[in-house]
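Chain IDs A, B, C and D follow the sequence of writing; residue 1 opens each chain.
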Amino acid sequence: MAKPSLAVWKFASCDGCQLSLLDLEDELLAVADGIDIAHFPEATTAHRGGPYDVSLVEGSITTPADLTRIQEIRAQSGMLVAIGACATTGGIQALRNLADIDEFVRVVYARPAYIQTLATSTAIADHVKVDLELAGCPINKYQLLEVVQALLVGRKPTLPTYSVCVECKERGTSCVMVADGVACLGPITRAGCGAICPAFARGCYGCFGPSESPNVDSLAAWWDELGVARPDLVRALRTFNVNAPQFKEASTRYAQE
Amino acid sequence: MHKNDTRRSFNVTELTRVEGEGALDVIVEGDEIIELKFRIFESPRFFEALLRGRRFDEVTDITARICGICPVAYQTSSANAIEDALGIQVGEPIRDLRRMLYFGEWIESHGLHVYLLHAPDFLGYHGGVELAQDSPDLVKRGLRLKRVGNRLMEVIGGREIHPINPRVGGFWKAIAKRDLDEMVPDLEWALEAALATVDWVSGFSYPDLEPDYEFVALHDPDEYAIIGGRIRSNRGIDIPVHEWGDVFEEDHIEWSNALVARIKGRGSYHVGPLARFNLNFEQLHPLARASAERHGLTPPVLNPFKTIMVRSVEMVHAAATCLDLIGRYESLGAPYAEAPLRESVGYGASEAPRGLLYHRYALDEEGLVTDAQIVPPTSQNQLQIEADLRQLLSGILDLDDDTIQHQLEQSIRNYDPCISCATHFLTLNLERR
Amino acid sequence: MKRAILAPTDLDNLIAVLSERGFEVLGPTLDSGVVTLSSIDSTADLPEGIRDEMSPGRYYIKATSDGELFGYAVGPTSLKPTLFPSRRQVWTTENTDQGIIFRSSVPDLRPVAVIGARPCDAAAMAVQDEALLGGPYIDTDYARRRRDLFLVVVNCTRPASTCFCASMGTGPAVSEGFDIALTELKLDTRHFFVAESGSERGQEVLDQLGLDPADPDDEELVRVALEVAADSMERTLDPVDAYSVLRAQPEHPYWETIVERCLTCANCTMVCPTCFCVTTEPVTSLGDESAGEERRWDSCFSLDYSFMGGSPVRETVESRYRQWLTHKLSTWFDQFGTSGCVGCGRCITWCPVGIDLTEEVRHLREQIDA
Amino acid sequence: MLDFAALPTVDPMLPRPFRVVRVLRETSDVTTLTFEPADGLATIAFGPAQMGMVGLPGLGEVPISFSSDPADPSQLAMTIRRAGAITSALVDLSAGDSVSMRGPYGTEWPMEAAEGHHLLIVAGGLGLAPLRSAIVTALRRADRYRSISLVYGRREVSEVVFADDLAAWEANPAMSMHLTLDRADPDWSGPIGLVTSRMDAALLDPASTTAMVCGPDVMMHAVGADLTQRGVARGKIWLTMERNMKCGVGLCGHCQFGPLFICKDGPVLNWATAGPFYLIAEV
């Protein structure tokens, strides 16, 4: 059986999610043994043309050129996996969706006319069919490995959609919200990171995006009781997954209150 | 035969083995280089704009996301700047922990670059994975080095990409001495491996190229500067970080989504391992210095291709220094320092794996950011990269196109440019339109 | 059973004796602001003078100088993680000439002794015993850990406001399932424990410590202290009434009110010492061809839990909360002849938004009566 | 105190290796696989309607009813429909492939208790799989039942499974067959309608009928209600149910249906026990 071919693509992003592949130090060579890395510019100058069995797509759609490139990638890919918060919800750069893009350009660039950009930063699935999404800013490299392994044997990868709290309890961390009164987004955030923030004595700030059934209003009411000001809550929801529907909807309501 | 062609062009449409997206356009007429553009077409993400209105304590988490390869650099420079703004003083134990975390990033980043991205150029491979087919043990050594760096970031920072533990004033959680002690065997191995790496890369053959650089780096008389210091150059610059804007400026060029930085009135300059090495050789760990001297590597080193040697020496320095720091580490009392909010401006810099990273923030009295400026190493090197390319190209125009293309690319990789961070620069003069 | 007096120094001997007998000794320690269970070497590791105060969704630690070693009520950690780990490998495959072979994953385990488990913990263990060891098919990993457990329970003299073990009949004094039971008494002049054995092993260990017998006055002090503790509990739950209320009202509109508050975060099920739901996950490794199965805690609050034929059976929040509460307080009786709740109050304290099951049952009862 | 020495020592979660010996593609999505043990030990002996946990190492395992004749364990078989990743991989297996297997688990059809009664078997779609073992068992001792009827409803003509069996049963004087199709179809000249529409013909004497029903939840609910209304005792209407199952032996909690564990109290349950919970949404 021929090895499945893999291509890695990048849109607006920090490169961290694709770096996760190279961060699999112990498994990288085995991965390279099992799959044919056909296009991965961050790692190799070798390049083989499509079609590809699997494409990993990092980053969000932010420029006019992106709009056509993502269509081309979709057309050459058997399975398209969107990796990371940028690719699955638009990432932190989707904060522009709430602002005036011209002003954003002016703030950063001396000659705005040189800059070609869209007014919004959007997820890959807003443009083409996505077969699988890996949440996280950044993704968890072991989830990426799980996807590769599952792919190779043809099973559904095990990717949790429940809340960070489950991982928090699994590792035996005491709840920072209950024990320390620290505002934590864990109860409405998707597991996957291993609940590292509470383990480091801070509240989760939501980098894996909304969990499968997030009750944002209930948590917001509790944050009120903890003394968190509403603008602070709004910003907490508007960070790495600002454009995720549940966070966007709730934060828009709170911002208007 | 190429010699007499009237017009040739080389388009490296997609640069590989660099982080992010860049391209290079060159037009040559006869022996004359008509046009040479190092283009960065990475999509702009507008960090300086989106930071406005965020609270001071969110900045380290947000700026980390500028670059997945060197998040600690962004976290450190921005924490420095905000601590400067608020007048927060951090104690020695927090500084030590910060350095160890940062060294973790150096080892990870240098390990990745040396073994998987850069060495293949010298050995004729497409990349590290291809190299591994012939020399699995070598690549495994590189991966394990990288892993030690990552492990250090995980232990201190919570995870290797976008660590969650660093914050303004220090860390969320104090790291227990025993957790660091557990790193000792790994670091001892890494020290040996880094020494072996210096030996290995010293055997490569290096093209002759010795441009006349102005090197700029942080300098600290007591340590090989990484988390702070004064900005120095080999041509007389010696300023505190907050004077960056007096000496340097940023400009927006048409063909790039990155702003480029230059020394006012002088032009291009060079930041990164080579600059650090040449300016701070005396402060290197004795083991690192000895390993460099053993291979005749002493300042001034001007050959940009030799940065691979310098990176390897810096890995020796990082591992050896971490072992020393762990030896003297005592668990922190309070993991972070605080200070009352005030309307203020703060400046911060640190030495990212790729060179000087400068941040400036203005805060209002509620601690919200009103203005931000971030100048990453790649934008500071961009003009220098173009200058290097011109010089290199004029000397090799009689070679065939493929070789020229390869050498140009390799020359860019000397800088290990991290293009994804290079697109977030803000000009000093906000009024310019 | 004869009772003995144990001085705080004897407690150090107890720890020493247990480790000499090959046990890894776990006890309460103050860690990251909560009293939890971890390895201890001596009484110096115990949370001396520490009190814990709880209310729905909040937990506070207070330091006192009274020197009591077990003056706290109940931390987030029950015996469950020790006996029923949150994640474990179940089996792995091996490819042989004869074909594939499945092997149970049996980890090397040191027998564990726990000092300072609470009566509700012992009661919860009995509930898990019934669920995991009571049928024709048993959890063999649990059985092994359980068999090797040496349990020293410390009775509760300072219950928290979230505790309601007295009404559930599980505390504040332990009645069975322990090897040694202690009651700590700190008077103005004396600090001592009254010890009682609950098994032959327990008696052997007590004998080895060479203790003085307790006199009737001391026994009376213990009786009073525990009675006062029982009377001081603010919360109550009537298990029999809860059984019928929940059984009769699966579709009461009341359930919809829970939707406003429940986060479906699963914390209550994770901290509950009796919840035993698990799921299995396949694992494969690159390189070698081996495969295996892992088991981890699951929760009736997750959507995957009831997934069937393309969608979850329990999609709405109210159906998931109802499943949890009904199982805990009602159908557990049908299945195992007891309540699934021992009144430890953990789910009340550790619910991030402070949902209190005793209140929910009370509201439901009131609504039905009205 | 627990007597640990008296506890079973076998890990019920540890599967045994089995090998596929025969593959019968019933439809494009349904396959009947026949298995034999690959560890040299005795095969699994099961009762009608019992199930096994079958799987592929690294892929996971799923509950599937045994569909072969319980009297002949050497022909141990399952009939599997492609639903998701695991069942798809199973459906596509070939002879010689190995699987993991645990079982048998769960309750059986009350074949003996039903003796002396009219046996009414009601199947919807692939619900025929766990009923096949009941039918072959009943036919072997047909004289013990007053009658044996099969009501078999399908959505489409192409959905037919056990075509050979159906033909044989059709020809068997001991069986009375009532086939129906949910919707009109040019390839079908028989009756149209849900299984409940065939009850007038199939149900002979409600007072002495034992019904065995298997199909989708909605269909079982409708049949349970319908038969009760027609006078069949609740305790004589038997269903076999499905719920998510991870262990099959009452240790994982997933298959709860009210107070019942479908894996050990079921899958075969009577309407008196299960019926009330059917009425509760999302139970």
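By our rule, contacts are C-beta pairs under 8 Å (C-beta built on N, C-alpha and C of every residue); 3 or more make two chains touch, one makes a residue touch a chain.
Fair warning: this is a prediction, and the values are worked out from it, not measured in the lab.
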item: Centroid distance [mean C-alpha coordinates] between subunit D and subunit C, Å; value: 39
item: Separation of subunit B from subunit D, taking each centre as the mean of its C-alpha atoms, in whole Å; value: 65
item: Approximate Å spacing (C-alpha centroids) for the pair subunit A, subunit D; value: 43
item: Centre distance in Å when subunit B and subunit C are each reduced to the mean of their C-alpha atoms; value: 51
item: In subunit D, residues with contacts to at least two other chains; value: 58-60
item: Residues of subunit C whose C-beta touches two or more other chains; value: 281-282, 284, 291
item: Sites on subunit B at which at least two other chains make contact; value: none
item: Graph class of chain-chain contacts, one of line, ring, star, complete, other; value: other
item: Those chain pairs that satisfy the touch definition; value: A-B, A-C, A-D, C-D
item: Touch list for subunit A against partner subunit D, complex; value: 153-156
item: Of all residues in subunit D, those that touch subunit C in their complex; value: 1-2, 4, 7-17, 19, 38-39, 57-61, 83, 98, 100, 242-244, 246-247, 249-254, 256, 258-259, 261, 264, 280-283
item: Residue numbers on subunit A that touch subunit C, as the complex places them; value: 27, 30-31, 33-34, 145, 148-150, 152-153, 155, 158, 161-163, 165-166, 169-175, 177-181, 184, 186-188, 201, 211-215, 217-219, 221-222
item: Subunit A contact footprint on subunit B (complex, rising order); value: 14-21, 42-50, 52, 54-55, 58, 61-62, 65-69, 71, 112, 116-117, 126-130, 132, 136, 139-140, 143-144, 146-147, 150, 158-162, 164-165, 167, 171-173, 250-254, 257, 259, 335, 409, 418, 420-421, 424-427, 429-430, 432-433
item: Residue ranges of subunit A in contact with subunit B within the complex; value: 10-20, 22-23, 25-26, 28-29, 32, 37, 41-47, 59, 62-63, 66, 91-93, 95-96, 99, 103-112, 114-115, 117, 121, 137-138, 193, 196-197, 199-202, 205, 207, 232, 235, 239-240
